[in-house]
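A, B, C and D label the chains in the order they appear, each numbered from 1.
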Amino acid sequence: MVTKTSPMGWNSWDCYGTSVTEEIVKQNADFMAKHLKKYGWEYIVIDAQWFEPKAKTHSYNQFTELCMDEYSRLIPTENRFPSSKGGKGFAPLAEYIHSLGLKFGIHIMRGIPRQAVHRNTKIKGSDKTARQIAKTASICAWNTDMYGVDPSKDGAKEYYDSIFELYASWGVDFIKCDDIARELPHEEKELLMLSDCLHNCGRDMILSLSPGPALLEKAELYKQVSNMWRITDDFWDDWELLYDMFSRAEKWCTHAGAGHWPDADMLPIGPIKQDYDKSIRTNFTCNEQITMMTLWSILRSPLIIGGEMTRFDDFTMNLVTNEKILEMHKNARHSHQVWRKEIDSVEHILWTATNSQGGIYIAVFNTGSADSEIEIPLTDIEIYDKVYGTELWSGKAISAKESLKIKLESHEAKAFLLNTQN
Amino acid sequence: MVTKTSPMGWNSWDCYGTSVTEEIVKQNADFMAKHLKKYGWEYIVIDAQWFEPKAKTHSYNQFTELCMDEYSRLIPTENRFPSSKGGKGFAPLAEYIHSLGLKFGIHIMRGIPRQAVHRNTKIKGSDKTARQIAKTASICAWNTDMYGVDPSKDGAKEYYDSIFELYASWGVDFIKCDDIARELPHEEKELLMLSDCLHNCGRDMILSLSPGPALLEKAELYKQVSNMWRITDDFWDDWELLYDMFSRAEKWCTHAGAGHWPDADMLPIGPIKQDYDKSIRTNFTCNEQITMMTLWSILRSPLIIGGEMTRFDDFTMNLVTNEKILEMHKNARHSHQVWRKEIDSVEHILWTATNSQGGIYIAVFNTGSADSEIEIPLTDIEIYDKVYGTELWSGKAISAKESLKIKLESHEAKAFLLNTQN
Amino acid sequence: MVTKTSPMGWNSWDCYGTSVTEEIVKQNADFMAKHLKKYGWEYIVIDAQWFEPKAKTHSYNQFTELCMDEYSRLIPTENRFPSSKGGKGFAPLAEYIHSLGLKFGIHIMRGIPRQAVHRNTKIKGSDKTARQIAKTASICAWNTDMYGVDPSKDGAKEYYDSIFELYASWGVDFIKCDDIARELPHEEKELLMLSDCLHNCGRDMILSLSPGPALLEKAELYKQVSNMWRITDDFWDDWELLYDMFSRAEKWCTHAGAGHWPDADMLPIGPIKQDYDKSIRTNFTCNEQITMMTLWSILRSPLIIGGEMTRFDDFTMNLVTNEKILEMHKNARHSHQVWRKEIDSVEHILWTATNSQGGIYIAVFNTGSADSEIEIPLTDIEIYDKVYGTELWSGKAISAKESLKIKLESHEAKAFLLNTQN
Amino acid sequence: MVTKTSPMGWNSWDCYGTSVTEEIVKQNADFMAKHLKKYGWEYIVIDAQWFEPKAKTHSYNQFTELCMDEYSRLIPTENRFPSSKGGKGFAPLAEYIHSLGLKFGIHIMRGIPRQAVHRNTKIKGSDKTARQIAKTASICAWNTDMYGVDPSKDGAKEYYDSIFELYASWGVDFIKCDDIARELPHEEKELLMLSDCLHNCGRDMILSLSPGPALLEKAELYKQVSNMWRITDDFWDDWELLYDMFSRAEKWCTHAGAGHWPDADMLPIGPIKQDYDKSIRTNFTCNEQITMMTLWSILRSPLIIGGEMTRFDDFTMNLVTNEKILEMHKNARHSHQVWRKEIDSVEHILWTATNSQGGIYIAVFNTGSADSEIEIPLTDIEIYDKVYGTELWSGKAISAKESLKIKLESHEAKAFLLNTQN
């Protein structure tokens, strides 16, 4: 599926871990439809363990009983997703979300449930059984639910066809597949089979690959089989992780394009980790959130909100509804880092992109621990004339000749749209 | 247990893989008692999958049903081991073997059965269950029977205590524990717990660790927790594997001593792989078998016969009953390689050891592809007098002044016991 | 020095190795001035060993006598550069080249002549001597002329100041410094000192660093201290080397900008290696030369002709005077690879860039061994409208809707300037 | 040359660095002849830079003028070795040392003097010159005197023949060749040529290779071409270096034998570094010196005193004249480590060897930071009877049954000769 813009949405993980419920999903979908849809936000994604009755927090229960149909396929647990009763799966919830004008996604794990393998249950459309298609020594490093599927075995394709057929019948629009992105080259053939089955299931679905870091030398493969792939391990509200994203973004930026996006992971903003404590809010300062949103946008990474939206404060609402920044996310092309260097002993990073509608974007980041006032020669972005433009966060008009003077607090960012004509 | 000599015995694997039966074990035990016991051969060891009803060959059935007691402990499958009926386990078979004056061993896998974990069965002596002690992502690379046990969990020690209590009750003398020797440092704590439980079970049992290659930097650990450890991956009747053993032996030789032995693996001699085809015999030439037996003996490796003994031909019987060679295996001390070099373009290797009863052993190997006649200066073994002695395989007396002249065919070995006095 | 476009010129190495003479340089300068200057070609660069009287071919004489002034500075050998007589150095030759409206460059080696060190000669502006500033164990891997200079020693800066002062007095515009680009981090401090001294010598000179491959993790450093740096070891007329350049170019492309250019090395076209045999011509096919020129141009690499220009045939003249291609070299911005993949079993590579004057460049390469006819969806370059444009090599107008159909021979390339409006 | 015992002697380096003089050499030779010769000490070796007039300390002068004959061969500097005047070289000094019943050795550097190469001087017995045999980019990492010699060049063999012919004519008995032992495999061919030329020069000379660490995978090569090779980088009076020697010794011990010895480097005992300060004495405690002497002796490493012998105190004299320890150095065979482990939280190491005259040596080291009282089961050394014996340092008789009780201070060692009969 070739999307012009990388996906924008909400995911339940940062806020609820494995404990999300149908009610929470609906309240966030309602909020998004009312307040955010008009800015381009559209996906509502349920993350891990929707098939596990005892799931409660961000950690995993080991070897626990999962909800499964007769064909070895996981289905929603009715205690957290009551509308799934009677074998309806996520169809009623998807229908509700579609009725709001939004799209619906779910998280899956590569492979087939271990309990299916040990019980030797059936595969739909095949006379093979779960035990016969499992890949012996392929397991997830952090979760005990699944065995990998061996794509060379008869019945393997039928299994993957059967799960995507099920998800299509529910009305799923987005699959976040886990335990796969960084498992190359070992599990490459399983990825190819999974991707083929998904793309042939009869319904358009975004395929998102986790966890990172994805392998740069496999960039062409990710682009061909998926719509987005994680360039980092789990990202959280920690400056070191945010700082580290600059070098990841630098390496991956040229691989963003229509339908294929390097994914810098979810935005841990507003109330998060609510399964632990209702008072938890993101650790990021306001400046750091602006830095994050600026980098993700000029990189054209998917934008997936991680916090509980219904309790966003004004700052957070403004963060995700700044039209000029979201326009950069939509219209930036050919994004790349220009330089990273110390200016007056403070590290700064400069990115640029073109605007598909005309003009040049630049984003300037102060990644040091002191505030700064710097001057960027226009020749750094190969401009030899006067420029006119706008700072995107503030909306202030600017003009510059020879160089652009910028004040930045520590960890702050500014972004500009520049033109050589006024 | 401090044994003066490394174990000598028979193991069912090379000949029968996972398909060995009680009848086969007994016929080999009978043969050993009658023909080989007097030469020092004493252990009869049942290798992998004695708990698996459908096991048939050298390969493994995946995710198959295993025989298990109520405490998550594997027990013999009655179809291949009928005397185990009625919950007797291996006790009757062990008793039979003991009655012949021999000792009895079994193969086990590190960990707890996956089926116990998925069924969440009990642990003897603990209120914890199988699911609570399994180590999430610790599995064997080639076999789907077990999960590792997490030694930090309550119930883990009770599980290991309970299995060695069971084996002791059966009368087991030798445990070959698999999926552990080369799994350091990851599974080091599980090895320590397993070894402690075995040594405190109330019955003396040899602990043998597989598979190799063991890690040289962990030599002190192996010596402290076990009696023998594999220095190589599975060894078969292939010259390349035999040739490769010289460099492994060179590295490990100084770690042999009372109660702790580097293990060069089983001797694939006579009829092997009988589960595939009754006509299969070892691929090794006679010279290569002499080379193998010489190297294993001067290295003081355990000597574990892999072939069906009842159908040994004369050559093979002579190979395993040469008293002078077996005396070297018993009395060699301080074994080590002297040199490896080309002489007249043919590679030769010289080993030496002292004899605990007096005199010096040397073993000379032609590892090249041409026959040779070489002369070894006595100064190479720091002898400055005349020497007198015996070639061990032929029993011929020899004497030498200044140098020893030796004729060797390609891949042949000779071994000598030398004294400076006649 | 911030140049808007990466340098275009001629270098003596590919054609004459160490044997180039003043006469040859002048004849090529005359030719360039008359036929190529109007297309942007302007630098005339004398490569290695201009200070060595006995130099004859592409190989180096070991430990040979070099021409040197009293201050340990190398000077031109009068037998090949007669105008340098009387201590005039390259001043007369530079003056001649300037008189043609061209610029003049020379090759130097990092460090100080070994003969200066062993004779312990003087350093201008310092009471230290050559022996006192040499870096003991820093030598070039292929050439015996120099020792590295230890930047921590008194006199080191004076030495580097003195050589650039001399080159400035001659009128040098371009320094190709060898044995330095890939010697990081070991020789990083020497590079910093050398660069500082050059930039403070009072004359603008391009600094070009060799040999490659430069280190990607030092990209920011190269950009700050130099104008161009080699991304590859010596490049010659061999398809494997050309093919290999695509992955190098992909990694380095975002580091091109005003005044700093990744350097894919000289263009071995027309008559080359004339010191060996006057009949030698480039091994590259016409298609391969077009592929090379297209890649170098969209990457914005420096373009430095390696062949004897006065004997260029028509194809070669057209190759270096195609105005549309040279305009891409000049006006491309934000160049990067879009994808590399097999289409109908033939590998193709797609690059894109924006045109600073408006429109989008794309370059399509068939790097497989069969001819092809492919169709590139316009969405690959994020265009959703009809496009109009021109193929640059042929000058043919094209238009496309949804996809662009392209025929390519094996190893051929095409390049297009596209606009969404006609 | 096949020596039964590894060399014992004195070397000027630890005490005098590059500043040693003829007078110092003679005073140490006189002392050795009078006090130590009867214990087996016999070599007097002049270390680095005997050809350099300005040498003063343990550091090297860079690019300095060396004394050289017309054939590119270094000769003693007359200011420090006045007896060498008139072209006599070391002949008079060697003659003096021989007259004391001792042997004479010198240090050399691999290669040919750089000054010979830059002056292009002659090679004896060849029409080639220094410049023609130098290996371009082969230099020493810490010393600027030499270039490597390229063994593939005509004249290379003649050069090496000519230097050993010269040393033989002087009466040299021992060559310590530097910049070679750890330079494999790069300089392996030069080592082979050098060794061949030395062994064919007509005079028996020990060949000692420096610096270490030598490469274990090249053990067979060192044994074939040399008599001793350094298993460590420069060893000094620092516990960390001494502690580290245990693991080096463990790896190399089986390679000791008649004529070939792993070399643990010189013994920095008594007054050392006298070129810096006359008051400097070894930093090692008495216990540490006993540990060192015990390890070197049971390993059968060469024993080369590094301190100024004429000012040895009683402890140091006793250290180097303990007859029982020196007998172990002479008669130990098949030495190897038995174990290294913590006993009561203090690390201990046990070594063993056989005595060529009968009996077993053991050496016990306390390498921890606390004193200890330990009990070693006799089965650890495969003794199952009572033992009788002597502690070598103290001369005290001991006997033991089942286990040996030993008291050790931190960093102390004890050594025993044990027999099963009294």
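The definition used in the following text is that a residue touches a chain if its C-beta (ideal position, glycine included) is under 8 Å from a C-beta of that chain, and two chains touch if they have at least 3 such contacts.
Keep in mind that what you see is a predicted model, and the values were worked out from it rather than measured.
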Going by the average position of its CA atoms, which chain sits the greatest distance from subunit C? B
Between subunit C and subunit D, tell me the centre distance in angstrom, where each centre is the average of that chain's C-alpha atoms. 53
Between subunit B and subunit C, what is the gap in Å from one C-alpha centre to the other? 64
Whole-Å distance, subunit A centre to subunit C centre, using C-alpha means? 42
For subunit A, residues contacting two or more additional chains: none
Determine which chains touch and list them pairwise. A-B, A-C, B-D, C-D
What residues on subunit B touch subunit A, complex-wise? 62-63, 114-115, 117-118, 120, 131, 134, 136-137, 139-144
In the complex with subunit A, residue positions of subunit C that touch it: 2, 4, 220, 223-224, 250, 253-254, 257-259, 333-334, 336-341, 352-354, 356, 379-382, 384
